[in-house]
Amino acid sequence: MNETDKQQLRIGSTQFDETSKGVYLITVTPFKSDGELDLESTDRLIDFYLQAGANGLTVLGVMGEAPKLTAHESAEYVRRVLARVNGRVPVVVGASAAGFASMGELTKRVMDLGAAGVMVAPVAGLRTDDQIRAYFSMVNETLGPDVPWVLQDHPNATGVQMSASVVMQVIDQSPRCVMLKHEDCPGLGKLSSIRAAQAQKTLKQVSILTGNGGGLFLPEELMRGADGAMTGFAYPEMMVDVIEAHCAGDQDRAFDLFDAYLPLSRYEQQPGIGLAVRKYILAKRGAIASATVRKPGPALSKLDIEDIERLIRRQQQRLTQLG
Amino acid sequence: MNETDKQQLRIGSTQFDETSKGVYLITVTPFKSDGELDLESTDRLIDFYLQAGANGLTVLGVMGEAPKLTAHESAEYVRRVLARVNGRVPVVVGASAAGFASMGELTKRVMDLGAAGVMVAPVAGLRTDDQIRAYFSMVNETLGPDVPWVLQDHPNATGVQMSASVVMQVIDQSPRCVMLKHEDCPGLGKLSSIRAAQAQKTLKQVSILTGNGGGLFLPEELMRGADGAMTGFAYPEMMVDVIEAHCAGDQDRAFDLFDAYLPLSRYEQQPGIGLAVRKYILAKRGAIASATVRKPGPALSKLDIEDIERLIRRQQQRLTQLG
Amino acid sequence: MNETDKQQLRIGSTQFDETSKGVYLITVTPFKSDGELDLESTDRLIDFYLQAGANGLTVLGVMGEAPKLTAHESAEYVRRVLARVNGRVPVVVGASAAGFASMGELTKRVMDLGAAGVMVAPVAGLRTDDQIRAYFSMVNETLGPDVPWVLQDHPNATGVQMSASVVMQVIDQSPRCVMLKHEDCPGLGKLSSIRAAQAQKTLKQVSILTGNGGGLFLPEELMRGADGAMTGFAYPEMMVDVIEAHCAGDQDRAFDLFDAYLPLSRYEQQPGIGLAVRKYILAKRGAIASATVRKPGPALSKLDIEDIERLIRRQQQRLTQLG
Amino acid sequence: MNETDKQQLRIGSTQFDETSKGVYLITVTPFKSDGELDLESTDRLIDFYLQAGANGLTVLGVMGEAPKLTAHESAEYVRRVLARVNGRVPVVVGASAAGFASMGELTKRVMDLGAAGVMVAPVAGLRTDDQIRAYFSMVNETLGPDVPWVLQDHPNATGVQMSASVVMQVIDQSPRCVMLKHEDCPGLGKLSSIRAAQAQKTLKQVSILTGNGGGLFLPEELMRGADGAMTGFAYPEMMVDVIEAHCAGDQDRAFDLFDAYLPLSRYEQQPGIGLAVRKYILAKRGAIASATVRKPGPALSKLDIEDIERLIRRQQQRLTQLG
């Protein structure tokens, strides 16, 4: 096993099914400073994520700048990720699409390439419960009986509000839905009510990974029964460490670790500019060659960078104190 | 009975309950050219509406510029309308409000003054079926057992999409909801499915008046079982005449009449500028003294007025041909 | 010249530039009853449009179900259209895309295949004037100096409101923007103010084709200086005839023709269900083999079809009367 | 000077004008457990805020449940606040209203009662720069030359996005606009560009108080030149302390203090449930008698309360460590 095949799995497992636990990282897509797709950095980034202890990866999500890629680039990027991962962890591919024909085509292609499953959010414009249920009937028909998939509940990105009861109905009507990506906010009550239904056996089991802003509510979500996180943060080890402490029953340490990173994770979660912050840090940490966000995208100012550097400095001090 | 007590009721009745039929006019609110509330024109306008054959009036709706009135003006205006109507037809008052305290206070006041009932639309921001049902539970609690009310389904104005099934659930959970103001668009299928449920006795009876843009689909809506219209148009006699022909079984005449007015009703239904068009014509017809729309509101250009005058001229010719 | 090469051009020309006049038809995309792309019907439909007198075609617009096609199907469809048109009229391709890389790729491909230009609407989510101007700077950079393009102002579809002044700034900053597709509603005032600026030479000349709902305001828009229409309607000859009468100075006939079709064009313009209405009529007229709308899409009920048949019958009578 | 007249002003001043600095607290509105307005708690709460070092108060904002009050209750509440404050600090009253008549009426009434000024946000629905500028022209006309006012830039609540350039244009066209409540997020860049314009004398001076989520970016905003904060948080002393440390040049202490409160302020900033969290803590601290949020409003679950208590406990430990 060569260097890139090592993975520091410390929590959960690498199974992708309704028992999944741990951290699925939403990957960024690396670009060179001229805006070209950077496939070499892709390799480096994958290794960085796996060495941080990722249990899985999710590619072509919103924070992956998927809509800015051409169809050809998307394919090339997914192929590269899957080749580099080489089966070490499951890779989930975002398959939300404006039409079912595209969703079906993309799904077939990535499953053939070795993806573990796909992730689907409700299409923008759905409003009523009836519309949402009907939409996911068509999703099930499109994906078919062989593709396990993640239901993404992310109203801030999609504009679609799914009540807890609708989320549960969609899960129930979807035999191959194995995971919920929970990123409604506020979402703690929703999470608790879904877990309660599962405890009472009125809802089948699915894995629930939370995605609220870089894990901005991670320790509370774990207390409510989340199985882990599916999100991105320039310090993915924070999520791994917090979950590890939580699972070891050391809640104080889980909160202490979380709090140490919170000033920076808060800053990285600013809408719009957040991705530029994340890429700046990933580049600084050597995980990617360039912090470039493809146009149209934000650029950091000198003052922004001063903010980030200050936050990193303070975070290091705090982590040193914690030991 | 003096002059103002005459009313030319030609269709339906003047009862306000689940058996109501005919035309409820959404009244405009007259202002003087300096923007002051014009109470004398209010009297004149009420007479104009009743002489056109209105079965009821609805005041303080969106097209009544309700949000532009002070609380004091609102009260004064409603009092004047009720005094002038003097029991000849039922008056429904728009009671949609950001808060239940205000809704309750307004409802009590107008019912004490002699209103027949109130109209309530879902508050902006409601999204899921659960939220909508919960909201109308609170509406029922707020209005109490004595106030008959109209459910207004107007997604273009509120942003709230209610599926046919939710509309029916709200009707069923609301003992005093006696009428549906149907102004979803497209809404013909929704109307048919609600009528089908009532035919099958799975839904209690309510009156359904349609409000789509000055009755822009009135003859088709009548064919689907609507009881009439609740909307505004500068020629309210069009709606009365169309419904009369429809009820007399003369569908061809109903459509002919409707078509004769359609070029103008289409023009009057332009979002934004429509109210200025309506008031221009009402002033021209002598129903109000000034066409003033209170600020912030649109003003007609010379070219707009040329359009309107041309449409009126052509409409007259067409009506003359029809006889 | 074989049968399919005939085109009944009665108005305007077939140039695609800032002097374009007449009717650019927004094409539907034909599907077989099983949902497959129907390329044979595509040929038939193109002939139908050209025989109706179209001055140009616009493909892959919203009403063309573009988002429901796979990338491969899109390419195949555009290739087929261009082959069948065979240079008889210009073909504009909708190139609005979530990202500039896709927009550039699509544009290059269709221009290589023989498209006359592309059409671009502002991406959903743009709000401020600064954002809109910056977006179209990037559009210009993406399309380059050789591709003439149409600015699509369609707030109902995009959610982006462009004031008249911003539309004019975008036109001014875009050397290759040759046409405005004007489908803001209400839009008569906006149209007049843009034409006024051009009359005063403070804005460069562009062709303005209007797209408001199947031409629902076409005669008024022509009076305000529109050069024609870019929209779809199951009776494209209406738009050709109205413009012909208008250009011949016979305004009464222009309005008479328009009014004869208005009850049906109004019905076809219902949001959601409208495309199913249009395809039903096109299939009935033999222009396409099947009225199928690809999922997710509306289906017509028996009552809807009764409505449409009644409207067609009445329209025929009216046209017969007009002569 | 009796007990209630004491105020612990430690930072800034109590002037309300373009030189204002410090903390303006967005007050909650206390209700009894049965939902009635609680005027006794109002007195207690005012004292609590002033003893925490508030430089001013803002009432009838969104977090003050203003829309849930009747007109009468609003008036009573404002009168009580003004009486209790008794001139010790300026009180700003939220005057955003759907119509200018109501805005003018409310403004006149509260200014007569002793308010220092009003706060106005753009009305929902404004989209283009032209619309926004025109709206604030009418605001200026409505408020007149004697009423100093705060421009509230809060897109999350209003849906209105104002670019930095439009904010500056509104400030420039508004002689009596003395303060900007800055709560766009991300807003650091906007803040910097407004301050830069003022430094270059291309924009007149106004006070800038930030309102992002309980001060969730307070120390960074102070570094960018903010004059303080106008927001609510159950521990208002945090904001006072952070600003004091910042002004004393002790940035490390400013950040340390801020970080100690951040886990809780983050939790309190959850949309929807946040106000219930804030009132729970204020009740626990004895500032109000009941944590009741008026309907429709969220209620805390047992698990929510466990979260809050844990966060309070940890916050106390952290503050003790800091000294």
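First chain written, first letter: the chains are A, B, C and D, and each begins at residue 1.
Here, a contact is a pair of C-beta atoms (placed from the backbone, for glycine too) under 8 Å apart; a residue touches a chain by one contact, two chains touch by 3 or more.
The chain list, named the UniProt way, goes like this: A, B, C, D = Dihydrodipicolinate synthase family protein.
Remember, predicted model here, so these are calculated numbers, not experimental data.
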item	value
Starting at chain A, fewest touch steps before arriving at chain D	1
Between the pairs C-D and A-C, the one where more C-beta pairs touch	A-C
Far-end chain from chain A, centres as C-alpha averages	B
Chain A and chain C: spacing of chain centres that average the CA atoms, whole Å	40
Separation of chain C from chain D, taking each centre as the mean of its C-alpha atoms, in whole Å	49
Residues of chain A engaged with two or more neighbouring chains	none
Contact footprint of chain A on chain C as seen in their complex	65, 67-73, 97-102, 105, 124, 134-135, 138, 294-296
Of chain D, residues touching chain C in the complex	127-131, 161-163, 165-166
Touching residues on chain D, where the partner in the complex is chain A	185-186, 188-189, 192, 216-217, 220, 223-224, 255, 258-259, 262-263, 266-267, 270-274, 301, 303-304, 306-307, 310, 314, 318
